[in-house]
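Quick heads-up: structures coming right below.
Below are two complexes that have chain A in common, paired first with chain B and then with chain C.
For the complex of A and B:
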């Protein structure tokens, strides 16, 4: 008996080691692919990587900028995790960030010249952002639930609508006095900005909001009946329904929750980073959040570190055009390749396990 | 074309779906392939049509051994199969459906195909609008399309799987006429059916399968009693009958009718009593599953009333039924019943009656441990459900039905379970009956139906026979009814309506 137990234990540790090895392998493959691209482009790979590292963690300013980028990523990725749990591919998260930013801007424009206290205006603006994101997500959710439109198509369509809406607002009704420009709407007065740490662009308030969101989502998914039912819905909609879970209602709630978090990300970008509405207000953080979600599957505990890593890549690569005359989209290549290889390796592992008969039910 | 199979074997895990089948069919024959659910008919036909390879054995066409690697390969050898659900592309036009399976050219020649198919269709008495969209055709017309497609591709052996389900009487006559003409041309037809009437009417010979073996063959005139006993005969295992039925009505159906897919259920009334077990018999797809799901609120009824005690459940949704005490346990354990990836504990938590907001893992684990003990499940609270054996999955499903459930609707609760699990499961189920609950279950095992039911309903093409008193019914009588044969006059229907001659209007 003891012998058997030991063997079972051995087996599991071996499997665990294999898993870790595979993940590292995926990272190496992603680096190899990126290196090949760098070499093909005639750039020195090592110095490019060094620049990214230096740009991200080489200075206090650099690292604080990483944290600035971390916040919307945290919010978007934790939102995406809620919809992932419910088995939904909320690709519309990008548009939800944008519409959150739009609603925040609208509310602030309405209130900036009133006698209301700035703190109250900011709080209302943040809530408006959440409402905006939730509304935009609700559209995709309703289309999915009642219209039979796949959330991927609905979400993608709504992303374009949100982007077009922003442009129209910036060049139309909300244009700067004189002439509208790509630089965005008229900046809000300083008193309506979330306070930042002296000398840096980082606001402790937005950082707090991002971390709080991750913690809440983690608890929601791992410790509550709501999270369990959401996961059940995602893992097997039919079985969950038969076991008594109101599945479509849970799906809609997941959309709303994700939308609210994404909208908050948009609101933070307006109130703490840009202080106005700009055409690319989301900076692609929604798509990046989706990639993070894919990378970590359902494991909420991994949101924070992976989002930090992605933020560091993004900020670090800003150095590239300046120093090496490379385009900063290199970070995107690395991120994309990483997700691709991790997903690929995971798929290969599952296949291997099925073939080896280690995973029951695969036969 | 002459078709021979020799010693065909196909195993799925421990299940011997085909256990050494040897069968020879001469050219120009229409052979009825008979057998109850799980007898191995479908497996054999899938092997013959290239859908799946046999584990061992030989297929000979006109005396030549062939290997059929895929359905496309099979049709190249002249074997085509008409599936119960036609394999076509509803949004596309008829002519394009014809071209899809055809050996490819880069640019399809619609004109040639249309002409060739029209030439084929004429002599067979079939007319098909080639420009119509497939989605707009009736099931019967889609069958004709598929038939013509197979013939056009050169099929000389045609396999038809339950082709008369869901088509009109006229279309059925037309289909039979076509098949006879094809047989006259020397084509071979394999006709899989459980409708004895049709087999009698159409086939020139019959092969009966049971438990993966060829039990026997017959030539006309067919004796139905002989066929039925060949299909269903088995060693009788008399066991003690457990009954806790009372005369007290718990679940009342009044003129309930329903429709799902191709199956239409005729209006039916019945009072189910407290503690009673009702068995639903019938070939798969005869309406028993639709009946069960209508009782669960999963399929909307098209007429009639459903009442549980004094509560009218008519028109309510599944979750409402569930709340009021109607529990439904689906047949597909891992697809519909349980959630792969979640543990037993998580399932127990998921089905808790009044959960709070936060999960108390420890009490969940204790509760799961208790259910595991109660239902003798071989697994731990943390075991993911997909790691359990079939029998233990079924026990888990049962353990999840909350104790207060009044009516339990079970779809094939013992399918694929070993005998020990079956007995254990029924012990647990009868405990619930003892507590005043009622059970309605479907099964393809006639012994199980006779032993555990108090009353039995037999389904054939959406029509219900019975209820029969399980104590006085025999396997043969059930076999007749399942095959759609009238058994009025045998004395068991004296108190109820005579059974209708089924199947003629599908």
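For the complex of A and C:
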């Protein structure tokens, strides 16, 4: 018992309390900035925030939709952590989600009229999504490794290409009978959808996949030798190389893993949420995944709660245009301000420690 | 297409490329000093929206352009503060800001969507505009396009022909050496990042009050241009003249895709719209591949005569980034 008390006491040292205080401080600063922006836009800040809270947790349907948005965020953010660990900026997550969705749709179109059992079709379609995301990530990875094209530009360019590819498919080869429309491709039959909880859009299967991904990535990064070597690569490419870690191969593997997780997010959006390919199938979840990665300073244990918070903001702000005539990008403004302040406050803390000579350097 | 039409078309290319040229040169200055300002895409959107809103409300174009430059400078100041003073990753701070500014522009710009706003008028320069060919090409534009011409020359002269320009190149390449010779590295980095950011910010109103007048939210057609700017800076090897050449090349290709549209019926419009992005990747591939190790190995296996020729071509394309780009500098 005494041992446990000591451990709890060690866990909550003074420094730790200060850290928690600073994180809350960042949140307060983000809220202050967003409030100023709301006032500048002539909007009532309190009712805007109340709308977001009500939209996210005010009803069972609302909260189940938060969980629906949570799944792709979990997948994208945990994928991003793998590439971050290797010191890579996989801005291409967005395109990897999209291309995963494209391959999933393609496979389902091929197999929907065959005699295969629906369960098998769905499983193959999910795997196809992972393969698609991994392929799209491999493109950025190869461009980086062998072509010297920074992954930021390679990934970003491929995001736009993937978005255009989707539009072309929806209005071209895969258009609905008659005329193609922004509403997407012809919906798949109900039997090819991941089963949802009665009356809701939430599928326990996709929820399970999202949670599983977070757990696997956590174990991979924090509890395996592979994860340690990956992080060594990220911390110092040259040092890791001199210690015998095949660095560029590790970088490519990180890209593939992240792409597969992102592609799975795309596959989930097709099989469990939209049941077809739509123009904005990724909903910006890839970029949001990167933001989550930065916010949690790449600590895998925090993916789940922060992704849930971001999902709640997204879903909560959907009603803003209707109720308050405000653009729903307010959630993005709040998320951006939050990440910015967390990053800056952490910088200020380390600067203070450096100045006070309490800690040497730190990145 | 007859001569006069072609001439007007090319003059149009110079005008529509002006915002990209100005923003790319601004970003080049910041990167020359060692700071990547990755917020360009969001900055251009936010300054385009902000300038348009101010110009619509006050009716003043001048206020619009001033606000555009201020927005760019403030965002750049945040990047500089985050990366130089607080030593956060430049990429992280810039990326967050690019997303934040984009969402903020859509949020605040919502009430102004589709409003009719003022537009910068064309001012032919007396006498000079009568010169055959050159007159139409260069001396019949709006004032910001003239500004872009002057900026290209001034920036080049500053970087390569002045003492402060030499210091600028030094703090991006070997900050320790520059510091030892008395350069205030971090203060200069702040200055160039903020000045460069102001130029990037000017690109916003150059669109929303001139080249693509108006604000149409997500369909303004401005999202993505900032990333092109960042790629053009690399293509231009941080040299203002070469960077401007890249901007004009981009403008020319866009113009060609519009002009040739009738004969490109078979190609879907979605493909044409994103064509700049694969092009961007390929361009970066061409200018970087010369640095790759496997290329050297292949070159070594070639016969002497062709090896020299290929190596020469690769070397002429190759760009090498400022050595200390993205690396924080510690004076002590």
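Please note the rule applied: the second predicted complex is superposed on the first by the 348 of 363 C-alpha atoms of A that agree within 3 Å, B and C clash if a C-alpha of one lies under 4 Å from a C-alpha of the other, contacts with A are read in each partner's own complex, and residues count from 1 in each chain.
The working rule: contacts are C-beta pairs under 8 Å (C-beta built on N, C-alpha and C of every residue); 3 or more make two chains touch, one makes a residue touch a chain.
Since the model is a prediction, treat every value here as computed from it, not as a measurement.
Partners chain B and chain C, once the complexes are superposed on chain A, run into each other and clash. In the superposed model, A:245 lies in contact with chain B only, and not with chain C. Within the superposed three-chain model, A:235 lies in touch with chain B and out of touch with chain C [touch as defined at top]. Using the contact criterion defined above for the overlaid structures, shared-chain residue A:115 touches neither chain B nor chain C, since it reaches no partner. By the touch criterion defined above, A:224 lies against chain B but remains apart from chain C after alignment on the C-alpha atoms of chain A. In the superposed model, A:179 lies in contact with neither chain B nor chain C. More residues of chain A lie in touch with C than with the remaining chain of the pair chain B and chain C.
With both structures placed on the common chain, the touch criterion links A:344 to chain C but leaves chain B unconnected. In the superposition on chain A, A:198 makes contact with neither chain B nor chain C.
Counting contacts as defined above, chain A residues 363 meet chain B in one complex and chain C in the other.
Against chain A, the residues of chain B that register as touching in their complex are 13, 318-319, 322, 328, 330, 334-342, 346-347, 349-352, 355-359, 386-387, 400. Against chain B, in their complex, chain A makes its touches with residues 223-226, 228-229, 231-232, 235-236, 238-246, 360-361, 363. Chain C contributes residues 38, 78, 81-82, 85-88, 91-93, 95-97, 99-100, 102-104, 106-108, 110-111, 224, 227, 230-231, 234, 268, 270-271, 273-274, 277-278, 280-281, 284-285, 288-289, 291-292, 294 to its touches with chain A in the complex. Within the complex, the chain A residues that touch chain C are 37, 40-41, 89, 91, 143, 146-150, 152-154, 156-158, 160-161, 163-164, 167-168, 171-172, 287, 290-291, 294, 326-327, 329-330, 332-333, 336-337, 339-340, 343-344, 346-348, 350-351, 363.
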